[in-house]
Every structure is written in C-alpha cells, then in structure tokens.
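What follows is a set of structures for review.
You will see subunit A twice below: alongside subunit B first, and alongside subunit C after that.
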Partner chain A sequence: MTTVTSEETMRTDYTSRLKDHGGLIALAVILVFNIIVTPNFLQTQTLAVNISQVATIAIVAMGMTLVIATGGIDLSVGAVMALSGALAPLVFLSDFGQAYPVLGLIAALLFPLLAALVCGLFNGIIVSVLKVQPIIATLILFISGRGIAQVLTNGNLQTFSNPEFSYLGTGKILGFPFQGWLALAIACLLFWVVNRTIFGRYLLAIGGNERAARLAGGPVRGVKIGAYVICSVLSGLAGLIVVAINSASDAARNGNLMELDAIAAAVVGGALLQGGKAPIFGAILGAVIIQLVKYTLLANGVEDEVALIAKAVIILAAVYIQQARKE
Partner chain B sequence: MLDQNAFDMRKYISRNPQSVAVWIALFVLIVFGLLRYDNFGSAYNITSFLNYNAMFIAISVGMCFVILTGGIDLSVGSVAAFTSVVAAYLSPYGIEVAMPLAILSGVGFGLFNAVCIVFGRIPPFIATLATMLGAKGGSLVISGAQTIAVDWGSNFTQLGMEKAMGIVPWTIVLVGILIIGLWIVLEMTSLGRTILAVGGGEDASVMMGLKVNRAKVFAYALSGGCAGLAGVFLASGFGAGQPLEGVGWELSAIASVVVGGTLLTGGLGSIPATVAGALLLGLVFNILNFENGKGWISFSAYWQMVIRGAFLFAVILFQTRVMYRRPNAEFAK
Partner chain C sequence: MAPLLTMTGIKKHFGGVPALRDASLEIEPGEVHALIGQNGAGKSTLIKILTGLYRRDEGEVEFAGAPSHLSSPRGAQNAGIATIYQELNLVPLRSVSENVVMGQEPKSFGFMINWPEAHRRTREILSRFGIEIDVTAPLGSYSTAIQQLVAIARAVSMDAKLVIMDEPTSSLDSSEVEILFGVVRELKSSGVSVLYVSHFLDELFQICDRVTIMRDGKTVGCREIVDTKKLDLIAAMLGRNTDEIEAEGLTELAGGSAAFDEVVLDVNHVATGPRLSEFSMSLHRGEIVGLGGLLGSGRTEAARSIFGLDPLTSGTLRLNGREFKPAEPSEAIRARIAFLTEDRKAEGIVPDMSVRENLTLALLPSLRRNGQIDREREKELVGEFIRKLGIKTSHMDQPIRELSGGNQQKVLLARWLATKPDILILDEPTRGVDVGAKREIQAIIRTFVDEGHAVILISSEFEELVEGANRIVVMHEGKSVSELTNPGITENALVRALAHHEDATP
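So, the complex of A and B:
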C-alpha cells in the first residue's frame, strides 16, 4: 500500500510540475524539433526574423495579460493598431511634418500613442464606470476603430520613405531587431509594475475578487481603466512598429486578427481568463511559441492554413491543461 | 409547457425592458428611410435587403441561444465559410442534398464546441476561438484557398433567386421559418425554459435537476447549424463557396444580439429583438447607400463601420440607464 501511495504522490508531483512548466516544455520540444528538422534553423538570421515578427505579438499580448488579469478582455487591440498605424504617416507626411522633420517625427510617434491612450480610456471607462461587460465594451472600438482608420486614410495604402521612423521596425542593436529590445524593456518594466507597485497589487486583487478589492478600499475603477489604457497604448506602439517594418500603412490589414493572437499568447503563457494572474514573461513565452509554430510549419513547407489548425490545437491544449490544474 | 403570456405586448416589455430601445431605433430608422428616399419601401429594396441579411439573421438567432446560456460562439463566421464550401462542392447533387449536409457539417462544429465546453470544461470564449481557427484552416484546406463555383446546372442557385409562390425569395421564407421555430422553442418548450434558466444561474439549474448539459449542447449545436444555413445562403447568393468570407461575422452577430437587448451574462433575451437588432445594423448600411445615391453627401463604405460602432455604443448607453433603474440590482452589477 505504502509503495503505491508514494508512487501516486510522485506521479501527481510529476504531472503538476508538467502542467506548471508546460509552456517551457512545449518551447523546448519545438526548438529541438526545429534544430533536427528545419534547415538553417540555428542561424542568427532566423533568430532575427523571428524576433522581429514576434515582438509585436508579444507587446500586445503583455497589455492583454494586464487586462485579462482584471478578469476582462480587450477585443479592440487590432483596431487600435490600425488607427495608430494610420495616424503616424498622416502626421509626418503632412505639410507640418515635411517642414519640420524632427518635430514631425516626434509628433508622428506621440500623436498616435495619444490616440491609442484615448481609446484605452474609452474602453476602461465603459467597463469600469458603466459596468458593461468587457467583450461588449471593447467590441465598440473593434468595429468602429478600424473604420475610423480607413475613413482617415480613405482606405488607401499609405507608402512612405522615412528612415528615422522606420528604425522602429528595421533598426538593429547588437545585431538584433530594435523592437525585440523594446519588447524586452517593456516586459521588465511591466514585471516591476505588476510585482512591485501598489497598482500591480490591486490589479491582481481585482481579478482575484473584485468585490473584496473594492470593499478593502482599493481604487478599483482607476486600476481597471489603467489596465485598458496600458493595453491600448502598447497596441498603438505595435501598430507603429508594423507600419515601420513595411514602410507602408494599410488600415485594412494592420493588426487584423491580432486580438486572437494576443489572447492566445496570453493564455498559453498562463494568464487565467477569470483574472488574478498576470504572467508578463509568460505572455512573451506564449507569443514565442505561437510564432515558432507558425515559422516551423512554414519553413517545412506546410500550408499557412494548416498552421491555423495547429494554433487552434495549441490554444485548446493550453487551456485544457490550465483547467485541469485548477481542479 | 405553454407560456400563455408569450405574445402579450405589455408582459413582453416588462420582461424585456432593454429590448425596447432596439424596436424604437428600428421604427425611427424605417420611418426616416420611408420619408426621405423614394424607393426605400419598394418591393425590390425590401426583398434584396432581407435576402442579403438572411445569413446574418440566421447566425444572430443561433448566437442568441448560446448567449442565453451565458456562453459565446466565436466560430460562426468561419463555420459559415466552411459550410459554404461544402455546399458548393455538393451543389451538383441539388439543393435537397447540399443544404442538409452543409447544415450538418455546421452542427458538427457546434457539437465539437459543446464537447470542449461541457465535458472538457474549457471556457466558451477559448473553445470557440479555437474552433474558429480550426474551421478557417479547414475551409482553406478543402478549397485550396480558392472560391468554389457552384454548379449552375443544378437547382442549388434557385435558393437565392426563385421565389416561393412568386412573391418571397426562398431564403427569406427559410429564415422566417427558422425565426418562428426558434421563438417557439425558446418561449414555449421546456428546453427553451431550461436554456433561460441555465443563463440565469447554472448552479441553481443543476440543483433543480434541470438537464443543463443537454441544453448547452443543444445551444452550441444549434448555433453551428445556423452558421451552416448561413453558409448555404452565402454559397447560393454569391454563386460560389467562399472560404475567405465570414471574418468578423461572429462579432456582428454578437452585436445584433446585444443591440437586441439580450444580456451577455445570459438568462434574459428574446429572439424577435435579436432579429430586430440584426435588421437595425443592416439598415444602417442600406440607408447609407441611399444617402450616397442622393448625392448630397458621399459617405465612403468605411463610415458604415464607424456608424455601426456608434449605434452599438448608443444602445449600450441606453441599456445601462434602463438597467440601473430596475429595482433588481442583479442587472446593475
């Protein structure tokens, strides 16, 4: 009997450890698979390509993680990307931007982020003051945000040549893409915010039990609005990066379906949809896994469509394991 | 179990106060259209409007059932795209074969959702998100990412063009039957009442011994089936299976349901108001077209998204006001 029990405890110990580090194990499996199968995988070029693509997903997924930590969700991230991405070229291609290139560049960075901030305020106020469910509240901007971006640009593709602005998406530091470093810096900052500041403590408390957080005198409204604002500003930044990579802004495609990638990355990274957990580096891990799966399939000649199905399986598996852990 | 008050107007309003907004808005918009545009009330405009919006109405009423259980179905757009391809492939065998099988394939996706949610305990948002990606991938794989032309020699395309008794297109007849059927199911059967009870309080429903799992499985399978029907409409209306269509349909459907006053937490809502919500969102586009035709202003098509979003916002504002005034604090939470 005793041997059976100890074996059982060992097994549960083993499975729980598997569940806790499922993301890392999945990453390791994908990496090993790629090293063996994918040609030219272990090259800095491959690494750089993947980093430049994963950075935008990771940046948005970190913001999404904060929103999910409050028990909410933000469907408007892709639309906010399109909006900020459409605004930047409008600013530096304007008469003012042409006449004062430096001021124009600064305005082209700040103005779109300001617009994104307003979007975040809008979402946050509807959710926390009007008490509308997050899916519905952010659905408003999901529908109309991209429309606004298309109205502003008349639906046209805006192409430009602005090396200073394009540094955001094509610049390199120590041989690695600038936006990768940017994502890393944001992750460190947010990690500190979540774990070491009062804002972060209340963020987790709201997701854990909103009523209790309110009764404890926590600034529930402010913190919730803050989460949506951070998420929107990060989405705006990601929108700028995408535009900078392409040296073109297409309001119809920029950030299209990003909300799904970001939610998937956050969930694969360990965020609980009920709230109360904000694994910032988990979001990056989730984004990396999703990007690597996409890359693995493409590099091995598997159709893009099958990659979608693979993504679906990953999401289901991640949440199923999470669900089992809770019980 | 017959609910004798189902068609009593005052009872309807008192039970669905948040649905009033959509009826008022729809009425105002129709009157506005009739007064301002000559051909707004023409038979041609009405039938082509309803014909085009039939697929959105179909997925909206299916979505309404899922939302009433407190869930959500994000997969409907992709499933409709998938079933449109299935219907196009089967079109040579005629509408009698293509339509039921396409709808069945939609039900299959719905059942997969149900299994993940009810037995796998995966949150609806995530499970249906995965199905959305899977169905999209699936439809691209089976179609080779190409539109699949339907067989014009068969009677498949008649669905969108032939008229029942020479007056009403078949699409509208079918969607009308669907609406009335589901209205009856929701208001007058124990299954419908169970669905409302599940959304009102799942734990309480379980303790009351209601067949909660059966109700949920039904709701998701129904939503998949409605998406399947929308796919058939899509294929017959456009003469081809469209693997790339359906993007954002799930959110339009959710918007219709919400505009119709159904609570997203479930337990409260109505089928007719959902249809009104879908019609309202469609009418915005229709009226924009007429306004452009007048030549006074020139709204680009992009404005319709902005205006739809604004509509959604206005209705939500109205709803929160109404719900705050309700004595039952449950809704103001």
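So, the complex of A and C:
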C-alpha cells in the first residue's frame, strides 16, 4: 500500500513539475535541438542576433502581461509601436532637431513615448471608465493607430542616419545588444512593481476578483489605467528600438502582428487570460521561446508560412498546459 | 385521485455536509403548490433533484404513477416537468416563435422549418393566456414579464404536467404579476400542476392551494393555505417558538451594557433606488444595531449605501456629526467604516492570493513605506491576527481557497479589523460556516463592540439578531419601518414585527 501511495505522489509531483516548468523544458528542448542540428548555433554572433530580436517582443510582452493580469488584453501594441516609431524620425529630422541635435535626440525619445502614454490613457479610460470590453476598446487604436502613423509619414519609408539614436537598436554593452540589457532592466523593475508595491498587489487582486478588490478599497480604475499606460509606453519603446535597428521607419510594417507575438509570449510565460497572475520573467521566457522557434525554422531553411504554423502550435500547447494546471 | 408527484425521505449530501436530511413533497394533479423556506432550507436542492440536475442519495420519487429516476434536465422535460428559472434560459435575440418551438419545430418536407405553422402555433398558445404580441419580433424586445410568460408558454407547448416556477415574480411589477397569476390559474384549470417557490408570502394566499414548508433540509409541514395564517408560515419557516428559544438559543453575541450616548452614524431618509427607498437609523458607540427583514427587504442595499457602493439619490448620512457622502468604498474605508459582505466568494476572497495577501488587502495604503509594501510589518500583523482569531492555516502564504469556509470568513473579518474601523457592517457574518467557527466569529464581534466600536448586523439567523443587537431596525420593501429595543426583544416579537409589515402591504 505504502509503495503505491508514494509512487502516486511521485507521479503527481512529476506531472505538476512538468506543468509548472513546461516553458523551461520547452526552451531546453529547443536549445538541444539547435545545438545538434543548426549550424553555427553556439556562437556569440547567433546569440547577439537572437537577443537583439527578442528584446522587442519581450518588452511588449511584459506590458501585455500586466494588462492580462487585470483580466484585460491590449490589441493596440503593434499600432502604438508604429506610431511611436514614425514620430521619432519626424522629430530629429525636423528643423528643430537638426539645429539642436542633443535636444532633438532627447525630444525624439520622449515625444514618441509621451504619445504612447496618451494611447495607454485612451485604452485604459475606455476600458475602466466606460467599461468597454478590452478586446473592443483596444481594437480602436489597433485599427487607427497605424493609420495615424502612416498619415504622419505620408506612407513613406523614412530613412535616416543618426548614430546616437541608432544606439538604441545597435549599441552593445559587454558585447551584448543594448536592448537586451534594457529589457532585463525593465523586467527587474516590473518584477519589483508587481511583487513589492501596492500597485502590484492591487493589480493581481483586481485580476483575481475585481469586486472584492473594489470592496476592499482598491483603486480599480487607476490601477487598470496604469496597466494599459505601462503596456503602451513599453510598446512605444519597442517601436523606437525597431526603428533604431533598421535606421528606417516603416509605419506599415513596424510592429505588424506584434500583438499576437506579445500575447503568445505572455501566455506561454504563464499569464492567465482571466487575470490574477503576472509572471514578468515568464513573459521573457515566452518571448525567447517564440524567437528561438522562429530562428530555428529560419536557420534550417523552413519557410515563413510554416513558421507561423509552428507558432500556433506553441500557443496551443501553452494553453493546454494552462488548462491542465487549472484542472 | 392519486397524487401527481410524491417525494419522500429525500436525502442529499454535498461533501459530507447535509443539504437535505428528510425532505418530502406531494403535489396533486391541477394543484398550485407553494414551497417556502429560509435561505439554505433546501428548496433549490429539492427542486434540482426533482428536475434531474442532482441525484438523490436516498429517498423515493414517484411521478405520474411510476417511480422516477431522472438523471438529466432533458429527461425531466420529456417526463413532463418544466422549470421556469429566475434567470430565463431563452435566447433573447431570436423571435418569440423560435423560442417557443425550439427543439420541436414543425417541419415541411421533413427538413425545413414550417415558419407559418410555427408562428400560428405560438400565437395560439400565447392567446390562451390572453397575450397578443408580434411573435416574429425578437424575444428580447419584450419586458421580463412577457419573456417569463413565453417561457411558460414553451413549457405548456411541451405538454408539461408539472411547471416549476422559481421566484417568478421577483422582477415583475404589480400589473405583470396579475398577468402571471392569470396564467397560473389557466394552467390549473387545464389540469397542469404548478410548484410555486416564492418568498413573497402574500402571493401564496392569492393563488396557491397548499404550501410545503422546509427548514434545515427537512420538510416541516404541509398545510392547506385556507387554514393558515401568515404568522404561522413565518414561525414555521424559522422553526421558532418561545420554549425553544429559552432552551437552546444562546449565541456568543449576547452581553454588553455600554452607555450609548455618542452617536457615530446617523442615517436620514436615505434612498439609492427602487430597492432602498427610505432608510433611517442611528448608531451609537459600543452598540450593535441589527437590520431585520425578509429576503429582498433592502438590508444589503442599506449597507451598500453607507459604504459608498450605491450613490444616494436622496437623504443624508452623518458620520460623527459631519455630513458624509462616500462615492467609493475607499472613501468609506478612510472614514473608518468596514463592510464584510454577504457573498464570500464573489465579493470577499481573492481565491488565488494567499491568506496574507487577502488579509491585508484593505490595509495596503497604510502599509506603504518607501514606495513599497512594508513586508516585515505585514507579516507581523498577519501573524498577530492569525493567532488572535485562531485562523487555521498551514502557513500565511497558503492560498485562501484551500481554507474552510469558516476560516476564510475569519480572514475576511481580520481584513476589516486590521483597518481599525469605528463602524463594522456585517452582512450574514456566520452564513455557511460550521457551528464552532460561528461561535468564535460571534465572540470576535462581541469583543470588537465591547472595545467601544459600533456594529451594524444583518443576519437571517434571528437568534443572532435577538440576542446580539441592542436595537433592531426592521426593514420592509426598501424602507425602515420600525424599531425594536433590547432588552425585551424576543424572536416572536421580531417575527410579529416582520409579519405585521407583511400584512400591512396592499
């Protein structure tokens, strides 16, 4: 009898561990596969390329994780990226930006982020004050944001040469891309916000039981608006990074389909769509997995279309694991 | 004539907790039969067994002359039992006809729905009840009353022998109630039986033949309505008479003899909407004021108005002599008011959060230090409350959903006590907790009051009110109608006060 019970416990331990660490296990599998199959995988060059590409997904996915933690969703992140990415060159290519390069550079960073912040306020207010469902509320900017960006740039590709600005996407610290460090710093900050601050506690409480949070005096509106604002500002930052990497701003393509990557990364990272959980480092893990799958397929000559299907399979697996975790 | 339905000796447990201990029910053909009882008496469990949603543990059910072993709502429907739920299970965006004939549409050529025939049949059924409406319009475009009647029409069209109506009038106005009664009488005259569940006792006297009373999972009586007075029904539902109270009725709430000179809260003719239209009371330091009333009398709405949940449409609140107009719970909390809500699951706990996080949820603003939560103080406080209130948890970081109901309730009580409130509003503080935890919770409340704080107590357990409260404000249909003062309140006096106002309604 005793042996049976202990075997049973071992088995449940094993399965629950699989569910809890499914992301890490998936990452290990992908890494091992690449080390064996993909040529030149274990080179710093490869690592740098992957980090520079994963950073934008990770940054947006972390913001998305906060929004999902409130039980919401933000479809407008890609459009906000396009908008902020379109604004930056407009600022430093303007007469003012040319005349005062330093001020122009600062403005080129701050102004787009401010615009992103306004987008977040817009989303947050529509969701929490007007009580529109998040998926519809953020659809407004999803549709119009990219349109505004294209109108601002007349639909043109803006190319530029501005090494200081491009540092955001091409700079290196200790041999690794600047934006990778940036993403890591943001993750540490957000981890602190979620786990140590009152805002974070309320965020999780609202996602876990909104009525209870409100009855306990929680500032439900303010916290929700805060989550959308953080998500939008981070998206704006990601938009700037993409523009910096390319030394060009293409409002039609910047951040295209990013909402799907970000939601997928958050979900793979362990965020529950009904709210109440905000695994910040999980979002990074999710972003890394999605990026690596993309890279693996690309490096092995698999077409883009097939890569999309692979992404869908990952999301499916993540959702399945979530369901199993809920029991 | 043989009865249409006989249920005897029905027992049902949920995870060791008995919901039905010995329930029975008998309905004659063509009879309108009422089923009444307090919350938690077992009415809905009995109905769910009858309609096949639950399986009984023990007991016999005989329907239409044969033993019945229903295991699904669909089976019940086929057997001739139709249920009209409080929340209608119809499709508001589809037409009235579609809703009525759904599942048994008239066909032409064997596969196409014969719409003219469907509309004709629907019109015919509805006109039997004196309802003439456009049956091709979406159901949702009609009032709740009409929708309810359509649900009944649907039941009739399926040749139901027994129609179960669960609180059918709770969302109807008085003229709509008359229409519904007409339909019930029409059903009766065509030989269909109706099981009528309602807490509006006056209605029963208008349309029912007999009434079955349930209490604590048992059927405690079945009476001819013509031989019954409303006071008898209320007393039977509560299971109270003076002898019993003297024998066993002690709670941990009794005691306390503070001098009540300082008024902390003064409520003047407050209204927040149709469910709270005229509420006045005062509350002194060191006092428990009970809100008495039957279901739907506006007790919870009264509490919500003080806590800033429902904006006042008229009237004033005065807190410590100053005008007080909370727009959000956070304002009420800052003014040292706490509100332990009735629905622990929906409005109390955050299930995935730990005991610690749940306990300090209302306290967070005062735990802020250097922009973050002071975790040392948080742990200290939580540990203190776990000790003081005897909360049984393996660790303060255990998810609260893993605790028993009584311990969850203690955590929520601690959540509010930790904010050091002057006024604590308790809405059914001991509902759904076991007897031991109940007495402990009552003792905690007593201590709190003896420290000079004030409590507003809402409870359906009359002994809690009678023994605990210094005064009881009696609520009826959204109004505070009278006040009883201790010493001198007995359960009979309270029952009579409630019944009196029941009688007083037109």
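The rule is short, and it goes like this: the second predicted complex is superposed on the first by the 322 of 327 C-alpha atoms of A that agree within 3 Å, B and C clash if a C-alpha of one lies under 4 Å from a C-alpha of the other, contacts with A are read in each partner's own complex, and residues count from 1 in each chain.
Simple rule for what comes next: a contact is a pair of C-beta atoms (placed from the backbone, for glycine too) under 8 Å apart; a residue touches a chain by one contact, two chains touch by 3 or more.
Quick caveat, the model's predicted, so the values are computed rather than measured.
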Partner chain in contact with A:Q133 - subunit B first, subunit C second, else both or neither: first
First (subunit B), second (subunit C), both or neither touched by A:R196: second
Subunit B versus subunit C as contact partner of A:A205, first or second or both or neither: second
Partner chain(s) touched by A:I125 [first = subunit B, second = subunit C, both, neither]: neither
Subunit B versus subunit C as contact partner of A:G276, first or second or both or neither: second
Subunit B versus subunit C as contact partner of A:A248, first or second or both or neither: neither
Partner with the higher number of touched subunit A residues, subunit C or subunit B: B
First (subunit B), second (subunit C), both or neither touched by A:E305: first
Intersection of subunit A interface sets (partners subunit B, subunit C): none
Complex contacts: residues of subunit A adjacent to subunit C: 192, 196-198, 201-202, 204-205, 208-209, 211-219, 276-277
Subunit A residues within the subunit B interface of the complex: 73, 75, 126, 130-133, 135-137, 139-148, 150-151, 154-155, 257, 260, 263-264, 267, 273, 303-309, 311-313, 315-316, 319-320, 323
For the subunit B and subunit A complex, residues of the former touching the latter: 72, 116, 120-123, 125-127, 129-134, 136-138, 140-141, 145, 247, 251-252, 254-255, 258, 264-265, 300-310, 312-313, 316-317, 320, 332-333
Residue numbers on subunit C that touch subunit A, as the complex places them: 307, 309, 328-330, 332-334, 339, 341, 346-353, 357, 361-362, 364-365, 367-368, 371-373, 375, 415
